[in-house]
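Next come two complexes built around chain A: one with chain B, the other with chain C.
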Partner chain A sequence: MTQKKIGLLLLLPALLMVLVLFLFPLGISMHAAFTDKQGVLTFEHFIKAQSLYSTDMMFTLFITLTASVLVCLCSLVLSGLMGLSESRFLVASLKWLYRWPLFIPFIVAAQCMRTFLAKNGLMNNSFVALGLYEPASSISFLDWRGIIITFVWKQTPFVTLMLAGAVASLDRSMIEAARNLGASRLRVMVEIIIPQVMPVLMVGLILSFVTMMSVLSVPMMVAGSQPTLLTVDMAFRINSYGDYPTANALGVISYCMTSLVAWFYLRQQMRDHAHQPM
Partner chain B sequence: MSIAFEQLTVAFNHKAVIEDLSLVIPQGCFFTLLGPSGCGKTTLLRTIAGFTPAEKGRLLFGNKDVIALPAHQRDIGMVFQDYALFPDRSVFDNVAYGLIARGWSRERLRPAVLAMLDHVSLTGLHDRFPAALSGGQRQRVALARALVIKPQLLLMDEPLSNLDTKLRIQMRSSICKLQKEAGITTIFVTHDQEEALALSDLIGVMNNGKIEQIGSPQDIYQTPRTAFVANFVGGANLMPLPELSSPIGQGYAQVQSPLGPLKAFSYHQLEAHHACLMIRPEDINLSLDTGLQANHLPCRIMGKHYLGSKTHYDIILPDGTEMVVHLSGQAHEQFGIDQSLFACFEVESALLVRA
Partner chain C sequence: MTMLHLSTFSRRLLQGLGVGLLAFFLLGPLANLVLWSVAERWYTPFKLPVTYGTKYWEVVFRPTGDAMTSLTTSVGIALAVVVVTLIVSVPAGYALARLRLPFRAAIMLLFLLPQAFPSVAIYINVARIFYWIGLNGTVIGVVLVHSVHALVYSVWIAAAAFSSIDQDLEWAARNIGASPLKTFVSVTLPLAAPGLVAASIFVFLESLDEFTGTFFVGVPQVTTLPLLLYNASMGGNYQVASITALILLVPSIGFMLIIERFLKGDVLSKIGR
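Then we have the complex of A and B:
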C-alpha cells in the first residue's frame, strides 16, 4: 500500500466522525430550514423567525459582540499584567486566580450570578452595607447586564489562557528592547505585544464568541424572558410547539452570525500576510 | 556622562550575584566588562538598564542617582546579545522606534534614521524586515537603533558572539569607530579577552560578581593584580608560594618557592598569605644549561605542539608543577619529549600576584 493510501485510511475514522456527527445533521437541519412539509423550497420559516424574533437576533448579536469586546479588554489587561508587571506577588496571585472560572460549568456560573446580582443579592447587599446607596435604590442586574457579566466572567479566563501563553512565548529581550528605547509598559503592550499576539487573540475571541452563541443556561437563568438569546428561542420553539423548521431557521441564522465573524477574521489574516514578507 | 556604581548589590533569591560593587567610568570611555560565563556580567548590565532591581547601592549617571528610575526613563541605548529586533517592523521602523517613543514626528525622524542607517552601512535596506537580513546586518540594525536616540550611555551584551570570526573582527572596528565618533560612554560585555584588549579604553575583569582589577588593556595584560586576571587575560603559568614571612611591597623581591629561592617582581602591594608567582608562557625560555637569566628551574618536556609561527611545550617541574611554554624561532627545534633541561625566565617576567 502506498503512503498516501495509508494516510487516507488513518484519516478515515476522523472523517467519518465529522460526516456522521456534524455534516449530516447540519445538512438535515439546513434542509428542514429551507423546505416546507411537501419538501418544496421555501423561505417561510425564515420569514416567521424574522417576524417573531428579529429583536432577539439583534439582542443576541449585541450581547455576544459586547461580551466579546469586554472579554478582549479584560484578557488583554490580565495577560498584560501577568507578562509585564514587576510585582512578583501580583503576577503569582493573578496566575493562580484567573483560571478558576474555567473549571466552573456555565450552569453553575449562571446560578452563582443569580445569587450575586439579584436585587437583594450579594453585590447589592455589600454595596448597601458599605453605605454606597440605600436599599430602596438597589437594582437587579438580572437582565442583559447579567448575561454579559456572566459571559465575560466565564470567557475571560479562556481567552487569557491562550493570550498569556502567547505573551510568555514572545522574546523577552524584544520587550526589554522596547522598554529600553523609551516605551512605557502600556506602550510596549499596545505597540509591541498586541500586534504580535493578535492572531492568537482573534482565534480565542472567535472560539469564545461561538461558545457564547451556543449557551442556553445563562440567558435562561440569569435574564428574564424578553428579549433573550436565540438559543432560548430555539429551545422554546422545539419544547413548546415542536416547531423544528423555525428552530432550524434560527439555527441557520446563528450559523451565519458566527460565519460572518470568522470571515472577518480570515480576511484580516489574509491582508496581514499579504503585507508582511514573513 | 560619567557612570558610577556605589556598593551595588544584586541578588537572586537572596543569593548575591553582584556584591558591593563600586566603580567609576569616565565620560566617553569605552569600558569593557570581561569575565567568564556566569560571573554576573549580564546581571550587572541589566541592573544598569533597569531590568533587574538592585538589592542596595547607588547607580549614578553624572551625579544623578537613577536606581529608582524605570527602564524606559533611563535614556540608555542597549544592544542585546540576540539583537532583539522587532520582527514585525521594517529596518526603518526598528531604528525609528526610540525616536517615536520620544515623541518625534515622522518628518523629523526620517532624515535622522536614514543618516544613522548610512552611518552603519545599511544604506538602502530600510524597507527590509529583520528576517531578510544577515547576522551582521541585524547586528548593525541593533546598533543603529541604540545609537540613533543619542543615549547618555550605550550598553552592549556580547554583541559579537553570534557572528563568525571574520565578521566579528570587522564589526569590532566599526563599533570602535562609531563609539569614538559619537563619544558615548559605553559599557561592553564580553568573555573574549582578545575582543576586550582590542576595543577598550578601560577593562574591568570580573570574577564571581566582583571586579578583580580595572585598568587599561596594557595594565591588565602586563601588570595583573591577581592570579585569576593573569590566567584569564593572556594565560599564565601559576606557581603557588608558601606563606611569606612578611607583606611584599612594590618592586623586586626574593621569594621562597618549593624549588628554592626565586627572584621576582611585584607591581602591587601583597599580603603575606595567598601570594602566587605567575609567568607568561612566552616569557619562559628553554635551554640546555642554566643560561644567563635570573631564574632557572630544572624541568622535563612532556609534550610538544608545533603551530607554525611558534611551538607550545608542556613541561613538568621536579615538584610536579606543570607549565606551558611558547617558543618562537628555530633554535629549539631539536628539543624532544622527555628531554630534561632548564626553564629560564627574567625577574621582570616572574610576577607576584594575589592567589
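Then we have the complex of A and C:
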C-alpha cells in the first residue's frame, strides 16, 4: 500500500463522522430550504421567512456587527495597554483580569447576565448604592443591549488573547525606535502595531462573529421577547410548528451572513498577499 | 515640581478607577451568580439577599435529585465523547502530521467546518435524521453530536502534537528492530501524550458545556447540566440555576489555570498548520 492510501485509511473514520453528521445534514437543510413538497425548486420558503422574520434578520445583523465592533475596540485597547503601558500595576492587573470570561460556557454567561443586568440586578443596585442615580430610574438591560453586553463580555477575552500574543511577538525595536523619536503610545498603536496584527485581529473577529451567529442560549435567556436573533426563530419554527422548510430557509440566510463576512476577509487576505509576501 | 506629582497622582487614580470599573464588569456578573447560589430569599427592593443559606445546595446535591442525575449524565456523555474523538483523531492526527496526503489543507479545513457554520440550522436537521433512525433522545445521539463538534480540537491538537515530535527518535527505534506498531505505541504515543491530554480536556469541556445540540437532539429524555440550568432559569428558580452554573464553572476555571502545563509552546505553534 502506498503512503497515500494508508493516510486516507487512517483519516477515514474521522472523515466519515464529518460527512454523516455535518455534511449530510447540511445538504438536507439546503434541500429543505429550496424545494417544495413535490421536490420542485422553489423560493416560497424564503418569501415566507422574509415576510415573517425580516425584522429579526436586520436585528441579527445589527446585534452581531455591533458586538463585533465593540469586541474589536475593547480587545485593541486591552492588548495595547498590556503591550505598551509602562505601569506595572496596570499591566499585571489587566493580565489577571481579562481572561476570566474566556472559558466560561455561554449558558453560564447567560445566567450571570440574566441576574446582573436585571432591573434589580447587581449592576443597577451598585450604581444606586454609589448614588449615581435614583432606584426609580434604574432600568432593565435584558433586551438587545443585554445580548450585546453578554457577547462582548464573552468574546473580548478570546480576541484579546489572540491579539496579546501577536503584540508580544512583534519586533520591539521598531516600537522602541518610534517611542524614542517621540511618538505617543496611541500613535505607535495605530501606525505600527495595528497594521501588523491586523490578520490575527480579523481571524479572531470572524470566529467571534460565527460564534455569535450560532449561540442559542444567550438570546433565549438574556432577552426573551421580540425582536430576537434568527437562532431563536429557527428553534421556534421547529418546536412550535415542526416547520422545517421555513426554519431551513432561515438557516440558509444565516449561512449567507457568515459567508459574506468570511468572503470579505478572504478578499482582504488575497489583497494583502498580492502586495506583500507574508 | 508639584504639578508633576499631581499629574502622576491623578494618572494613578485614573488607572485605579479604570481597573476597578473593568473588574466590576468582568467579575460583577460572577459575583451576582455566587450571591444567588446562597440566597434563600431575595426580592425587590432589597439590594442584597434577605436571608442567606445553603438550603438550595442541599436540594441540588441530594443524591436522588435531578441535579445529581444530570451531573452523572453530563460527565458520562463527556467521557464517552473523549473516547470517541480520541479513537478517530489519533490515527487522523498521525496521518495529517506524518504522511504525504493529497488535499491536506482542505482536509484540515473540513474538520473546522462544524464549528465555522451557524450550528442551529445543522442541529435541527441532525435531530430530524436521528428521529428517522431512532437516535433522538438517546445518549448515543448526544455523544455523536458532541463528538463531531469537538473533532476540530482533537484532530488539530493531535496533529500538532505528533508533528512536534522529533522523527529521529522514531527512526532510532526502527533501526534497533522495533516494528512500526511497536514504535508508535512505545515511542510516538508517549511523546504525544501531553498534547493528547490537552486535546481531551478541550473535548471534555466542549461536551460538558454544550447546550444547542443537546437542546435539539437530547430532549426530552437526556437532561445534561446545561439543560437543567436552562430549565431552572426559565422556570424562575435562580438558586438552582446559579448552583448548576457554578458546577459547570469549576472545570472551566480549573482548566484555564492548568492548560499551560499540557499545551506547550512547541505544540501550540503548530495547531492548525
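Brief remarks on what is shown
Convention: the second predicted complex is superposed on the first by the 258 of 278 C-alpha atoms of A that agree within 3 Å, B and C clash if a C-alpha of one lies under 4 Å from a C-alpha of the other, contacts with A are read in each partner's own complex, and residues count from 1 in each chain.
Going forward, contacts are C-beta pairs under 8 Å (C-beta built on N, C-alpha and C of every residue); 3 or more make two chains touch, one makes a residue touch a chain.
Quick caveat: nothing in here was measured; it's all calculated off a predicted structure.
Taken together in the superposed arrangement on chain A, chain B and chain C fit without clashing. By the touch criterion defined above, A:R187 lies against chain B but remains apart from chain C after alignment on the C-alpha atoms of chain A.
Figure note: vertex chain A, arms to chain B and chain C, all at CA centres after fitting on chain A; angle 90 degrees, rounded to a multiple of 10. With both structures placed on the common chain, the touch criterion links A:D36 to neither chain B nor chain C.
Of the two partner chains placed by the overlay, only chain C lies in contact with A:M221; chain B stays clear of it.
In the superposition on chain A, A:E44 makes contact with neither chain B nor chain C. When both complexes are overlaid on chain A, the residue A:S126 reaches chain C alone and has no touch with chain B.
In the superposition on chain A, A:R179 makes contact with chain B only, while chain C stays out of contact range. Once the two structures are superposed, chain B and chain C can be ranked by residues of chain A touched, with C on top. The minimum CA-CA separation between chain B and chain C in the overlaid arrangement is 10 Å, rounded to the whole angstrom. Of all the residues in chain A, the ones that touch chain B in their complex are 86, 171, 173-174, 176-185, 187, 192, 195-196, 276-278. Every residue of chain B that touches chain A in the complex is listed here, in rising order: 49-51, 53, 70-78, 80-82, 84-88, 97-98, 101-102, 129, 131-132, 145, 149. Residues of chain A that touch chain C in their complex: 3-4, 6-8, 10-11, 13-15, 17-18, 21-26, 28-29, 32, 87, 89-90, 93-94, 97-116, 119-123, 125-126, 128-129, 135, 153, 207, 210, 213-217, 220-221, 231, 234-235, 238, 244, 247-248, 250-252, 254-255, 257-258, 262. Across the complex, chain A is touched by residues 15, 19, 22-33, 35-36, 44-45, 47-48, 87-89, 91-92, 94-96, 99-102, 107, 110-111, 113-129, 144-145, 147-148, 151, 155, 205, 208-209, 211-212, 215-216, 226, 229-230, 233-234, 238, 241-242, 245, 248-249, 252-253, 255-256 of chain C.
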